[in-house]
Each structure stands twice: as C-alpha cells, then as structure tokens.
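Should a chain be cited, it is by its letter among A, B, C, D and E, assigned in written order, with residues numbered from 1 in that chain.
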Amino acid sequence: MNSVYSNWSNIFIAHVKRDILTNSRSLIDLISIVGFMILIIILFPLGLGPIKEKLNIVSNAVIWVGLILAIIPSLEKLLQKDFENGWLDQIATSPIPLEIIMLSKGISYWLIMLIPLIITSPIFAILLAMDLKNIPWLVISISAGSLAISLIGLSGSALILGARRGNILLPILIIPLMIPILIFGVGVNEAIKINASPYGNLFLLFAFTLIYLVISPFISALLVRIAIGR
Amino acid sequence: MNSVYSNWSNIFIAHVKRDILTNSRSLIDLISIVGFMILIIILFPLGLGPIKEKLNIVSNAVIWVGLILAIIPSLEKLLQKDFENGWLDQIATSPIPLEIIMLSKGISYWLIMLIPLIITSPIFAILLAMDLKNIPWLVISISAGSLAISLIGLSGSALILGARRGNILLPILIIPLMIPILIFGVGVNEAIKINASPYGNLFLLFAFTLIYLVISPFISALLVRIAIGR
Amino acid sequence: MLYLKDLTIQRGNKIVFSNFNAIIKSGSTTLIKGKNGSGKSTLLRAIAGFTPLERGTIKRDNKDIFKNNEEWVENLIFLDTKNGLSKDLTVAENLNAWLTMKGWSSNKEIIKMALKSVGMEKYAELYISQCSEGLKKRAALSRLYISFINKVDFWILDEPTNELDTTSLVLFKKLVFKFLEQKGTIIIASHDQNIIEKNFYTLDLDELKKQRVS
Amino acid sequence: MLYLKDLTIQRGNKIVFSNFNAIIKSGSTTLIKGKNGSGKSTLLRAIAGFTPLERGTIKRDNKDIFKNNEEWVENLIFLDTKNGLSKDLTVAENLNAWLTMKGWSSNKEIIKMALKSVGMEKYAELYISQCSEGLKKRAALSRLYISFINKVDFWILDEPTNELDTTSLVLFKKLVFKFLEQKGTIIIASHDQNIIEKNFYTLDLDELKKQRVS
Amino acid sequence: MFDWLANPNRFKKITNKLEPSLMAIALLFIIFGLYFSLFDSPKDYQQGDAVRIMYVHVPSAWLASFLYLSLAVSSIFYLVWKHPLADLISISIAPIGTLFSMLTLITGSLWGKPMWGTWWVWDARLTSMLILFFFYLGFILLHNAFERKVDGSKSASVLAIIGIINLPIIKFSVDWWHTLHQPSSILRFDGPSIDNQMLLPLFLMMIGFCLFSLYIIIVNVKTKLIEKKCEAILLKLNIKEFL
C-alpha cells in the first residue's frame, strides 16, 4: 500500500497523459478549438460592422465572452464520455483519492483546450483592432483566469453527469460561475485603458483560481461519486 | 405498400412527435435554451459595462451572434444520440425516404429550440436596451432566419456523425455557413435604424431558408447513410 | 431465398469478407457462428442493406436488395446489440415510435400485446434509462411480435439473447417458432448454440474461412 | 468473508432490495442468478462500493467497505457491461491506462501477457472503436490477468461472458480457476448457469425474494 | 479528360514524364518573377517598396480561390463517380489551398501594416478570404476525423460541395454587408495604376505559382497512390491471417 501512495504523482501524470492521448491524437484537434474561437470573433465584426473604433470598444469584452462560449461545447464531454463508457467506475476502484484524479482532469483539460487559446490570443486581439499596448495584458489576464475557467468547467461537467439534456443544461449552470472571472478579466484591460493599475483585478483572478483549485476537485469528486452511485 | 406512401405525412408528424417527446419532457427543457441565451446576453453588459448607448449599438449584433452560439452545444446531439443508440439503423429500415425523415428532424429541432428563442427574443432586446421600434423587426428577422439556422445545424450534425471529437469540430464547420444569415438578419434592423427598407434583407433571408429547405434534407440523408454504412 | 454472391466487405481498413458466397433458405433459421471478430455483425449489417459492399451482390429472389431497398427493408426487422431505444422515452413510447416509423398503425392494444409477448407488460411505463440490461433487450425484442400483425417476412438478429433470463429466453423461442410457422426467414448471429432447436442451418464463418485457405 | 447485512438499496424510486442478507465465502465463486431486473447489477455495484446503501452494512472481515473504501477497492477488480474502455485508445493503451490508474507498474511485457491470456495479442494495436463486441469484452477481461502479478483478491464480474466465443470462454474459465487456486474470491452475475463448473455457490435472487414473501 | 486520367497507371505514366519538367519550369517562372518583382520593377509612388508584396499576395489570393473550385469539382467527381483518384486529388489540393489562403492572409497583413497602419481590417475581401481559409481547414479536419479513411473522404467531399453552394452566397453577403456599413475611407484601397513593368512579374509569379501547385499536387497524389498500394499489400497479408 505504501508504494501506491508514494507514487501519487506518477499516477497523476499518467492520468493527464491518458487524457491528452484520448483528446488530442493529432495537432489538428488542438487547431480546432482555436479555429472555433476565431470564428466566434469573426461573427462580431460581421454583426457590428467593420468600424474600427466600434470594434476597439468591444474587443476586450468580446474576447472574454468568446473564450467562455468557445469552451462550452467541449465541456459536456469532459466527464460524460468516461461516465458512459464506465471508466469512471474503474477510477472509483483506484486506491488514490478521486479528488486527485479530478484535479488531473482539470489540469489536462487546461493543457489541451486553454493553453492553445492563451497562445493564440494576440491574434484575436489583432482581429478586433485592440490597441497594441493592451495585448500583453490581455494575454496575462487570460493566463491568470484560464485555470479557473477549466476548473469551473470541470465542476459543471460533473454536475450534469447522467442528466437529461446535459449539453444544454451545462451552460446555464456554469456561466453564472464564470461571471466573476469575466468581470475581473475584462477589468484588467479596462484598467490599462484608463491608465489605472491592473494588479487589483489580476490579484482577484489569481485568488479565484486558487479558490477553485482547492474546491473544484472536491466538488467534482463528490458529484462523480453521486453519479456512479446511481 | 400503397397505404404506406399515402400516410407519409402521418409518419412525418409521428417523427416530429417522437423528437419533441424525447427532447422536451418538461417545460424546463424548453426553458433551458432560453436561459442559456439570456446568460449569453447578460455577459455583454457585464463585459462592456452597463452604459446604455454602448449596449444599444451592439444589441442587434449580440442577439444574432448569441443565437448562433446558443444552439451550437445542442446541435452535436441532434443526430449523434440516435446514431449511437441505433435508432438511425432502425430508421434505415423504414419504407419512407430518409430525406423526409431528415426534414422532420430539422423541423422538430426548429420547434424545440428555435421557437422558444423567437418567442422570447423581445426580452433579449430589452435586456440590451434596443430601441422599441426595432423590436418587432428583430422578431420578424429571427423568425425568417431561424429555419435556415436549424437546417444548417442539421447538415452540420450529420457531417460529424461518428467523427472523432465531433463536438469541437462541428462549430468550425457550421459557423461559416451561418454567416450569410447573420449578415442578412442583422441587416434588417440596421436598415430600419437608418430608415431604409428592410425588405431586401428579409427577402434574402427567406431565399436562403428556401435553399436550405431543399438541399439540407438531401445532404443530411446522404451523410446518415454513409454513417450507418460503416 | 437470399443469395449472397462474391461479397467483399470492408470494415475500416480491413477486408472482413472477400468473395464470400452463401445462400439463406427462406422459411428457415440460419445461425451464424464464428469467433469474435470473424464478421458476423458485419455480415448482418450488409444483409440489412446498411453497409455498402465493396464487390458482389445480395439478391432476394432475383431482386438486388440495394437497388430495391425500400421494398426490402419494408418487411424486415433488424435488431442488434444497439437496441435503437431512446433513453428518454418509456418502453411503450419507444415501441410506439418504432411502429409509426415503420409506417404501421399503432394502438394501445397492439403495444400491450407486443410487450406481453416478451413479458414486459409490467414495465410499459418505465423509462428506458431506468431499465436493467435485460429489460432493455426485451423492450427491443417486443418489436418482433409485430410480425404477426403486419407483413414481415425477415428477421435479422444480432446476439438477441445475451442478457435474457431463462423465462424470457423461452418467450423469445416461442416468437421464433411462431414466425417460422408463418414461413418467416430468420438470420441470427449468436455464440449460443442452443438458441434454436429445430429447422435451422448453421453458417460457420470460421469453417468457411478455413476451407478457403486450404 | 463478505457479510451483507440488512441491505436496503434503492434505484431511482424503486427499492430493489430491502433487508437483504447474504454471506459471500472467501476463496470461492458465487454465481448470482435472478430474472431480468431482479437486482443483480445493483447488488454488484453496491458491493463494489459504488451505490450507497439506504440501510445496512457490507463488511469484509469486520471492516466496513464504505468506511475503509480505499483499502477495499485497492485489491478489487470490477467489470460490468460497460467495459470502461476509451474508444479513442488502442487495446494496449487502454490496459496501460488502467494499470497506472490502479497504481500498478506497467510495461510491455505485462501488457503482452495479459492480452495473451484472453487471446488478444494480435489486436493490441487495434483501436477500441474498431473492435467487435466480443473483442471489446476481451480487452476488458484482460485486466483479470493482472491479479496474478499484483495483489488482487476479489473479482466482481457482471455478465462477463455474454459476447465471448467458445475459445475465449475457455480462456476466461482458465483465468477463473487460476484465481481460485490463489484463494481469490469471485462474484459473478450471469444468466449462463454453465459458466463455472466447480467450487461455486449460487445466490438466486428470485428464490430469496420468494422466501421472503411466503 | 478526367475519366481518361482516372486510370491510376495512365496517370502515373503521364505524370512521370511531366513531373521533372514541371518542377523546373515552375522554378524558372518563380525565379524570374521574383527577380523582376524584387529588383526590376518600379516602386509605387505611394507605397514604396511595400508594393513588392503584391507579387506574392495577388497570385496567392487568386490561386487560393481557384484551388477551392478545383477541390469542389474533384469532390463532386468523387461523390458521383466514386473514383478514389478524385479523393486523392482533393486531399492533395486542400493543404496547398490552405497554404495559399494563409499566405494571402499573412502577406496581406504584412502589407496592411505599412499601408493601413493595422494588421487587419474588416473589409469584404479579407473577410471572405478568411472564411475560405476556414472551409479549407474544415475540409482537412473532417477528412482526418474518422477512423476509416473512406468516411472522412465522403464527409469532407460533401462539405466541399456545400461550400461551393455557399461560398458565392457568403461572398455576396459579405459584399452586401460591406456596402451597408461603409468603412472609413483611409482603409479603402484604390488599386495602383498597374503599368506593364508591374504586370510582367505579376504574370510570371502567377504562372509560376500555378505550375508549382500543380507539381505539388501531382507529387502528393503519387505519394498517396503509393501509400494506398502499400496499404493494399498489407491488407492482403492481413487477409491470409484472416481467412
């Protein structure tokens, strides 16, 4: 038994590896989330008209809202697939705590879906005519909030396990939870725009991430236990 | 055999009924898409700040973009569920043409998902501080474009049947197809704003719906046949 | 009679059958045997007209089943391990949806009798999501009963008895015998040799493949 | 020994067991029988520690399995009709993921031998999405072999033989006997009475319920 | 023409002869084109040296559109006549189309920075090019999204055909959108009065790019044919073990 507990971190890494393997067989899978995000971005100029000043005003908000909406379709499958094929049952017979496994799920989701979006976020900013000086702050704020977004997504995805029409229920459950992140995330750049300090908002983003880092694995594990106990 | 062909319309209605039954057991199912849409709408004032003039400028675009993004998570399941549980196999042993059944799928999707959104669209407009005189035109333009949206969604959902990671692939495939609807849909209200005639855009929306009404059932049926032939 | 001629069927990148020939006699049961992965399910899906052939023809009494597809599927019942049941509908609603999908009239009486024929009358109002594995299978098998009300002359069944308990196995066999009495043709793929006791032929895919190699 | 005491278990709104008592002997096979929907799968999931009890206790040698859950599941292998295989991974990758998930070391040699034990060595590189039903089941069953390498003393198997062909059925039985030899305990739910030939007990849920009524 | 070429052997025979010379000619055109465009063409009186981007940008833009048409046509051939060669051609065209549409976007952005002061504006033409890029991307993604190659080929072909119906509509709607909201006038580009000295390198580059794509497509198709043959051989080996 001792040997098992001593290699938690190995098991953790193994879980992350499996998730990455199942979800991103090829580079192409990584491209598609970025493509989706760019397409969301395209929709706004098409709707609003191409006037640069108009776009500049909304760019910050649109990128954050787009980010939240872009990950929603992928969230539903985050745990649902493993639930349906019985893998979560198998995980429940693992000697390492479910909380750790859930954390690994959150981390691998972040690696697969959020990291590509962080890396490409300057492109979104350019498309929406954001001022160049704001772009670094955009990247920083997205980086700061992205882990919280994944972890909230994880909890949401655990919440709808086995629910009917979970795909449409999920957004309703998680968007409200995302709102603080949206507000602080947007706030970073709005502060820059008016030459105020962005650190307050940035700090709050980190605080949020930290809170979710602590509670999300517990909540998700609890919900998964309930789901497989049905 | 004759009797079968004479009651196509009955079978059509029966299919629509089944879909409605599976997807909207309770009023909550119908409300949830509206809830999602409202949440999307709320994100914008939160991101942009609550300044009424700013909102008024973006309201029209945000509603249309929100509409397109709101239905995406539900599209993946439109055919996928029936594919996985073998119902599409059963449908393939029906004596009525698959094209008709696909049309019924498109229609029932429209009834379940788009009609609630059309009915509640004035609420979205009010939330975004849209001018009152524009609201009727918003409802009209959404009504005119909604069927095309469902039918494009249907084809997209047939396109990814059995694909790996279809949920994240789907948006990339269908958003480009939705662009004309977005442009003409937004155009109706933009025309009203500058006191021009909205009928040109409206006419184009209808024309577009008509095109999809003709091609979407064929494309979807073709793709479904390919999928069950695997 | 169903003539399978020179079939070549591919699944994924793998050729599962090449130049396969067989004849299925009308009014009889054909039991398809073979080891896992030998192609039983693939063959059944091809016969049902789902999987397109790389080469070859499947003809029923001189009519190609792919060319006359609507005629062929109209009188056919196909059941495999995916049951084609919607989780969000009850057992009765599922049967009802299936009946209308097939273009047949449906009423409470018919549904009740069909469910009774597999011992499911008690479960009519149960949602499929609440059914045990065996109950789901029986909900799917209840469709077979419809053959005695509407014109059905062919059954294609892929491992229909896997989850059944002993009582419902007996009920299933009863349905089979009744269908054979009215000159129906049945193809069953199964690992259970004892599934059928009389008037049946076996098609052993392993044997056939062995012969071809030697 | 596993003591099931005064179990009351609910599924949905239905009480499937109420005040159910049984003892599972160590080092033996217990075959759980019962008609469809009688609660076999429910019972197995409760014993595995998944389904919480409304009332009652399940104890292994005086240790409550829910309270000492980590200890209990560590040496347990649970397999049911959902195989717990990811479609997007190959047979070997799935086994590998499972091994590390269980906290056991994994290498090519072990995986090869495990797959060989169920006759799957040829299919190691096949994606699960390309496997036939029986091949999937065998990919899942290959986990049992790990019991002979790591410390496992309990198997819970829900209808493990449904899709198996005759050769793999023999292989499965070999695994069972080998496990019994090393004093393992097995609970199997199955409709197939012939699954096990020696050293087994039956727990007939129908019988038990009948007794309680009378 | 297509039917006649559709025989893989004949295709190989002809292309074997064509291939080396094609490469050489393409290179020749591109080298000369590059020489003229970089060294022997006039600076634009407004744009200065930046105008030289045009000689890559415009041929790329043109080829990206043209290649999509070819992609759609070969997809139709594939779906209707089910000839596997047509699919090989489609999937060989797609990456090149993606490449050229990306090249257009990148050179356009690079050009836009000195000319318009931004990397990107929402002009109708740029927007349609971006959407075209997504059609290419969608085609490739869908082609690879299935376990079995044939499925991907079929689904992606259907997508290409939907695209052919939709691209004009999209283009048309984007133009429509453009006219509704007139962009600010600095952003409008009034094409430079093209004189002969600019036209020549443009022409050379255009032909060079065309031949170059043709060359790549042929090489691609040939590799894919060989790949297929290998697969077939493997399949046969497999059958032995199988039957």
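Descriptive notes on the structure:
As a working rule, a contact is a pair of C-beta atoms (placed from the backbone, for glycine too) under 8 Å apart; a residue touches a chain by one contact, two chains touch by 3 or more.
This structure is a prediction, so every number in the text was calculated from the model and none was measured.
When the interfaces A-E and A-D are ranked by how many C-beta pairs touch across them, A-D comes first. Ranked by how far their CA centres sit from the centre of chain E, the chains are topped by D. Farthest from chain B in terms of Cα centroid separation is D. Each chain gets one centre point, the mean of its Cα atoms, and the points for chain C and chain E are 48 Å apart.
Rounded to a whole number, the gap between the C-alpha centres of chain B and chain C is 36 angstrom. For the pair chain C and chain D, the distance between C-alpha centroids works out to 30 Å. Of all residues in chain D, those that touch two or more other chains are 11, 88, 130. Within chain E, the positions touching two or more other chains are listed as 131, 134, 137, 141, 147-148, 174, 177, 180-181. Counting partners per residue, chain A has 23, 25, 32, 35, 39, 42, 46, 49, 164 as the residues that reach two or more other chains. Per the touch definition, chain A reaches chain D in the complex via residues 1, 3-4, 7, 10-11, 14-15, 18, 21-23, 25, 81-82, 84-87, 89-97, 101, 228-230.
By the touch criterion stated above, chain B contacts chain A in their complex at residues 23, 25, 29, 32-33, 35-36, 39-40, 42-44, 46-49, 54, 57-58, 60-62, 64-65, 68-69, 72-74, 76-77, 164-165, 167-172, 175-176, 179, 182-183, 186, 190. Taken in their complex, chain E has these residues touching chain A: 118-123, 127, 130-131, 134, 137, 140-141, 144, 174, 177-178, 180-181, 183-184, 187. On the chain D side of its complex with chain A, the touching residues are 11, 45, 48-52, 70-71, 73-74, 76-78, 80, 82-89, 93, 97-98, 100-103.
On chain C, the positions that touch chain E within their shared complex are 11-16, 18, 209, 212-213.
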